[in-house]
Structures are given as structure tokens and as C-alpha cells.
Amino acid sequence: MTIQVLDKGFVKLIDHLGNDLTAVRAARISFGKDVMDEERDKRLIEHLLKNGHESPFEHIVFTFHIKCPIFVARQWMRHRIASYNELSGRYTQFGEEFYIPKADDPRLKLSDQQNGEICRIFEDAFNQAYDVYRKLLDLKVPRELARIVLPLSLYTEFIWSVNARSLFNFLSLRADSHAQFEMQQYAKAVATIFKQICPWTYEAFIKHRYTGDLLKEGEV
Amino acid sequence: MTIQVLDKGFVKLIDHLGNDLTAVRAARISFGKDVMDEERDKRLIEHLLKNGHESPFEHIVFTFHIKCPIFVARQWMRHRIASYNELSGRYTQFGEEFYIPKADDPRLKLSDQQNGEICRIFEDAFNQAYDVYRKLLDLKVPRELARIVLPLSLYTEFIWSVNARSLFNFLSLRADSHAQFEMQQYAKAVATIFKQICPWTYEAFIKHRYTGDLLKEGEV
Amino acid sequence: MTIQVLDKGFVKLIDHLGNDLTAVRAARISFGKDVMDEERDKRLIEHLLKNGHESPFEHIVFTFHIKCPIFVARQWMRHRIASYNELSGRYTQFGEEFYIPKADDPRLKLSDQQNGEICRIFEDAFNQAYDVYRKLLDLKVPRELARIVLPLSLYTEFIWSVNARSLFNFLSLRADSHAQFEMQQYAKAVATIFKQICPWTYEAFIKHRYTGDLLKEGEV
Amino acid sequence: MTIQVLDKGFVKLIDHLGNDLTAVRAARISFGKDVMDEERDKRLIEHLLKNGHESPFEHIVFTFHIKCPIFVARQWMRHRIASYNELSGRYTQFGEEFYIPKADDPRLKLSDQQNGEICRIFEDAFNQAYDVYRKLLDLKVPRELARIVLPLSLYTEFIWSVNARSLFNFLSLRADSHAQFEMQQYAKAVATIFKQICPWTYEAFIKHRYTGDLLKEGEV
């Protein structure tokens, strides 16, 4: 499952461990109840989240492949209860891929024509930076040093493994109007995939634990 | 896959995320190399562990169901980079299951007959404690309070999710002659399962990262 | 600062890193504001907690010396974002100190006389278990094995370092009527010390983040 | 204590919790030994680290104020067992401060004159990027968006709290010839401060646990 995000990025689910029933099974160890029917499983998930018992949801784990601009990755990797492996600018040459804001970005406050001009300023700046990067590599400057001229809009990629409990926290903070617009788009893509794999958990999370404002009950 | 441990315990693999190739794929994101053949994948795993690059192994996750005495669980749960859900003595009545040392336990230093006597002392003490537990429950003492008469030899159960990197640390400390004998048995059972799921990682771990002394190259 | 808890336990503050102003200073790095007056510092703390910005509070760290029964320690050590060093029953002989419930414990449901009898049942069981422990040691059973006859009411001790953010979570879960009575007493003692060291943070925490029901605004 | 690093950065110790004796005291809880003389305290620290008992060192905590280029901060913040509060480019305007490599940087492979030219290429690129940043701000582009034209060489600042055990790992990986040159300079500055606060721990760490190659016994 892959969701395109921004102009060149994506969120791709690579693998996952467990689903709604994983949390049910883990919780039943604690409370010693036998497995019951589907309706009761669903109610148990709601009961757990309503009462703040989040630990059974740690046994559900997702592994994503993410492609996003560096300024987004910088915010993302502040979430410490997760595992990351990122493309290294020391060992590989970065491709010429930058995030370019759109002229209709609501944060641009001038006329349509002027906003179009602003986007061209971004694009020109990125192209110039990449030209310098290439020139430095030609002058035998090592990749790890040449890359420091590249802007924060550069796309990077990483593998991200995260359990559902940590994902709750990620979504509350990042699928929220206080997060930066670009981060919000990634968080919503992650939420869409989460909902597909764990529909009961997702629904109960939104209802009882989610503190953000972009995800609503009954929709993503 | 279930391995019996001690007189009444077990280590059971419930589920797992990924295998040797998961670490290979995560590492290749960092180093930007294309997927290659099996021989090179195996060499990459060895290279990673030889050079201390443990982060790609965090994307491999195991979920176990463990049954062990409380004094073993107490040591186990000191490993914080993992997820636990344990049977609760507040909400369920504990069964009458205790770990009883064997007469040929090498830590018992007297004659065979005397050692047999020691084992009966253990067993009698456990039975008496359980009788008191039952009596207190009959006197309407709540479970959470009655259980405090139960000894550390009581069996408990828990669900344990742990990534391979954290497992490396667990095995180095617990599959080691400095760990308590009973803990060692559990650690060896965990190692056996780990080896079966991730043979290349296991082999390279034992060769390059393992600091304990019970697991040897080429065997478990 | 030491607070006696239960019949033989305590919570003792050994050392701490920072105070209310530590969080203010850390937050001001993020937001780039200059240091201002006391009234604004206090308002900043309230603003941070009201809006879920908990990370500046991680730079405040407390080190406690705790003495509590093992069944309490077992719940305590499930809090993983903290550091623990516990007295080891493998290397030291446990003292004969057990938590004995009181006859007026509200969970005891019989007559005063019968409840007094229940407390004697507890005490007798603990004394018998300790007699067996001593007997096993006399028979040259090593400490690590002999101790498994000891009950969960046995007192243990540990050093606990925890940052204020993790403490928020601890207090929400443990200073709450859903926690076990004995755990509640320890959580309230920890809260009392926390309040004394970080009065502004404590007040704002109770008002905006605390989800338990035992601590109230304006009191401990 | 402040150490200047690179052309415009620094490592500054703001506060710390405990010292060598903190680890001694925490370890003595586990092993039940009384406090003894200075010579034995020092030997205990060496014994602990020689045998891999790192947990007592978690009770020693350092809080640093760091100023470094973003590409260094990106590597730094991958260390998850620590607390961070960073200057936000969303809420504050970044200053015009960039890390400019020196002409005698050993990674520059051309003639002295050509290397000087390379440094000017870096500097010009940074100035141009900052001009675009300022221009975008003038066009009412919000800070969070305008900053994406800024290069990875931009200086940022953050507060970093880390315990000594996590610091061991940081130094093994970053005070090492495999780390990037700029990161090495910061790691060595951190080591210098660590050594000053905890001389016994530092010495025993270098002798028994350190796996890097830049720090030597008897010197920093």
C-alpha cells in the first residue's frame, strides 16, 4: 500500500506485525479472559482505549518506507520510540529532488501571479544549490562535505518501524493543525494506512485518545 | 514453536515481523546499494554486526508468550526496550503452580538424600502458602491483597514483544553463566527460536556481538 | 526529604536536576524568547502543559531511594522511561521485613475481630516463609534459590531516576483510584516531593495533564 | 564550562546530576555493601564497567547547550535515549550563521589555492541561500516555509540531556574515525567535559567499554 504525498514523496507500508486481534490477545493475558466473539473483541478494544490501557497496542508494529523533504524528516525523527534507517548522504549521492511549494499554498499571501513568482524563486534556489553540489563533487570534495550546500527541501528516504501506541502519539501531534502543513500531509497518509490495517483500533483511538484536530470519527 | 522450560514453563513464539532479509533491506536504504544475491546478503549481515551497525536489526520484531516463575519475570522485565503484557494477580486468581527445584540441581551441595529433602521443603512451603492464599480468598480478602502471601516461585505468564537488537542485549546478559540458572534456561530457549527465524543474523551475532558464554558458534 | 509509606517503607529524594526554571529555559531555546520575569515564567509553564508541550520537562530529573514491598516494586518497574538499581536477592540476604495489612484496611470486609484475625494470618504466613528461607540457607542452599520461598509482601529497595515528563505519566496512572491501594500511597508521597521541588510545574500538571483522581488542585 | 567547536559552534555544560560517587551509591544498593574509602569506590567503578554493569551510570545526567550545523544535529538526534529541545525555525528567524569548511581541511584534495577557492564556493552558496531566505520573508512567506531554502550547513542550537550510560554509546560511535569529521569535534568536546565531571568513570569507560578510536587512555 503506497500513498503519494506532496510533489514527490510517499508513505509506503512495507510490512506489519499483527492487527486489532493482537491487542485483544495481549489484553486477555492481563485480564485472563477467554477469547470470545467479534463483537466482544471490538468492545474490549474500545474499553482499553477509553480507560487509557495503551500497552496491549505496543504489540502491533508497522514498517513504512517514507520519502519526504529533510525538514519533514527532522520533525519526524524527534519521535524516539521507533526505529529508523535513513539514506546516508555520506555514502550515496543525493538525487536532484526538492519539494517545491505550490502557488495555491494557502500560506502564500500575495496575488496569484506573485505567488507563482515565489514558487519559481524556490525552484531556482534549489537548482542553483544542486549545481554547486555537483560542482563540488567534480572538484573531488567528498559527498559528506559537498552535501552541506543542499537545502532543507531536499528529499530523503527512510525505513520507519513503529508500534501502534507510539503511532497514537505521532498522530495526535502531527495530524493536527499546529503541525507544519507538509508534516500534516504525511501524518494523514500514515493514518489512512493505519485505519486500513487496524480499523477497530483506529476508530477507538480517534474517539478516545486522539488529541489532534485533523482526523475525524468516521473518515480519514 | 514452543519450547518447554523448567518444570512447568515455556517460551512460545506467537508471531514475528521480518527475518534476515528485513535487516538487509533496511541497511540497503542507508547505503543505497541494490539488492543482490543471497551470498552478498549474508555477507552484508556479517559486515553490519562486525562493525557495530545494529540499527537495521530493530526492524525485526518477535512476539513471545512466556510462562515463568515470578523471580525470573522480575529479572526479565528489567529489559526496558520491549513491550510486556502480564497476567494480573489483581484481576485473576493465580493457579497453584510453583517452580520446584530438582534434587540434582548442581547448586544443592548436600547428599542426594538431603537434597531430595530440600526439594520437599520447597514444595511444602509452596503448598502451605497457597493454602493460606485460598483461605484468605474464602475470607473475602480481595485477590490483589491475598496474593501477597504467594512466593516468588509462583508461575506467571506474559506477552513479550522485542526487536532483534534488544534481543542481542538480552542474550548477552541472560544466556551467560553470571545469570541465574533458571534465567539461563529461558534465554537459551529464546536463542533457539531466534536462530530458527534469523539464522544468518544469529550466526553473525554470536560471532561478533555476543558477550555471554553459554551460546557457541555452530550450536545452541 | 523522606516520607514514610505503609508500615515499613519510604520515599526519599536523594538528588534532583533542575526545577521549574529548567523547563522554562529549555522551552525558550525552542521559541527563541528572552528570559523574562517570574510571572511570565510561570505563565509559560502553564502554556506549555496546557498545549501538550511536555518535552521541556524531560530536563528535570529526580533520583529517589524507594523502600516498598515486592508486589509494589513489580508494578513500579513496568515504567520503562526511568533508571533502576535494586537490591539483589542473589547477592544479599533479605531482611525479615514484610508488609502487613492493617485491620482497618477498607478492603477487609468482615468484623473488626475477624479482620484482626486476617492480619494475623498474613503475619504468621510471612514468619513461616522466612523461617523456611533461613532453614534453606542453613542447608547451604544459595541465596538466589532460597529466596524463592519468600512472599511478594517482602520489602525491597531501589534507586529510581526519572524525569518530570515520565513522572507525569507515573502519577496519572498510579495516583489514581484504579491503582492498588499500596501503590497509591507511594504515588502520593512522590507527588508531595515533586510539588515541593517544582511547584509551578506541579500545579500546571494537575490542572492540564493529570488524568488520575487522587491528586487535586491546591492540595496533595 | 564551554568549549568552542568548529568555526561558530560550542558545547556548553549547563547542569549535571551526580558524579562518580552517584554510580557507586547506586551500585551499592544492588550489592548491599557499605560505603567504603575512595580507593575502593574507584575500584568498584572499574569493576562495574569491566563486567558490563552499566545501569548504575544512568543516574548521572548531563544537560548541555549545543550549537552546531544542522547536518551534525541530524546525526546527533538519532541518539534516542536522551532529551532534546531545539530552536525552532518555524517560530524564530534563523541567523546568518553557516559552517564554512577550512582550506586546510584534510578532505580537500586539490592545491592550496584551489582549496581556498572551494571554501569561497561554499561561502558564496550560503550567502546566496540566505539572501533568498530574506527575500522570501520580505514577500510574506512564513518562516516555516522560507527556511526550506537554507542549507544543511546552517547553525542550530539545542538543549541536550543525556545520562552517562547513553553518553558511553554516543562517544563510542561519534568519537571515532568512522564518524564525520565535524561530528568528531563535537564528540571530543563532550568527552572533555565528561572527563572533568566524572574522572574515574571516564577512565574506566575508555579502558573497558569504549569501542571508538579517537579517545585514548590518559588523554582527551
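The first chain written gets the first letter, and so on, giving A, B, C and D; residue counts start at 1 in each chain.
Going forward, contacts are C-beta pairs under 8 Å (C-beta built on N, C-alpha and C of every residue); 3 or more make two chains touch, one makes a residue touch a chain.
Labels paired with UniProt names: A, B, C, D = Flavin-dependent thymidylate synthase.
In this text, all values refer to a predicted model and were calculated from it rather than measured experimentally.
Seen as a C-alpha superposition, chain C sits on chain D after a turn of 180°, to the nearest 5. Its interface matching that of B-C in over half of the contact pairs by residue number, A-D stands out among A-B, C-D or A-D. Chain A and chain D touch with mostly matching residues; of the residue numbers seen at this interface, over half occur in both copies. Mean C-alpha positions place chain C and chain D at a centre distance of 33 Å. If each chain is reduced to the centroid of its CA atoms, chain A and chain C end up 36 Å from each other. Centroids built from CA atoms put chain D at 27 Å from chain A. Residues of chain A in contact with at least two other chains: 84. By the touch criterion stated above, chain A contacts chain D in their complex at residues 69-71, 74, 77-78, 80-81, 84, 89-90, 99, 101, 105, 107-110, 114, 118, 121-122, 125-126, 128-129, 132, 135-136, 139-142, 144-145, 147-153, 180.
Per the touch definition, chain C reaches chain D in the complex via residues 14-18, 22, 25-27, 29-32, 55-56, 58-59, 61, 63, 65, 83-88, 91-92, 157-159, 161, 163. Note for the complex: chain A touches chain C at residues 51-52, 172-173, 178, 211.
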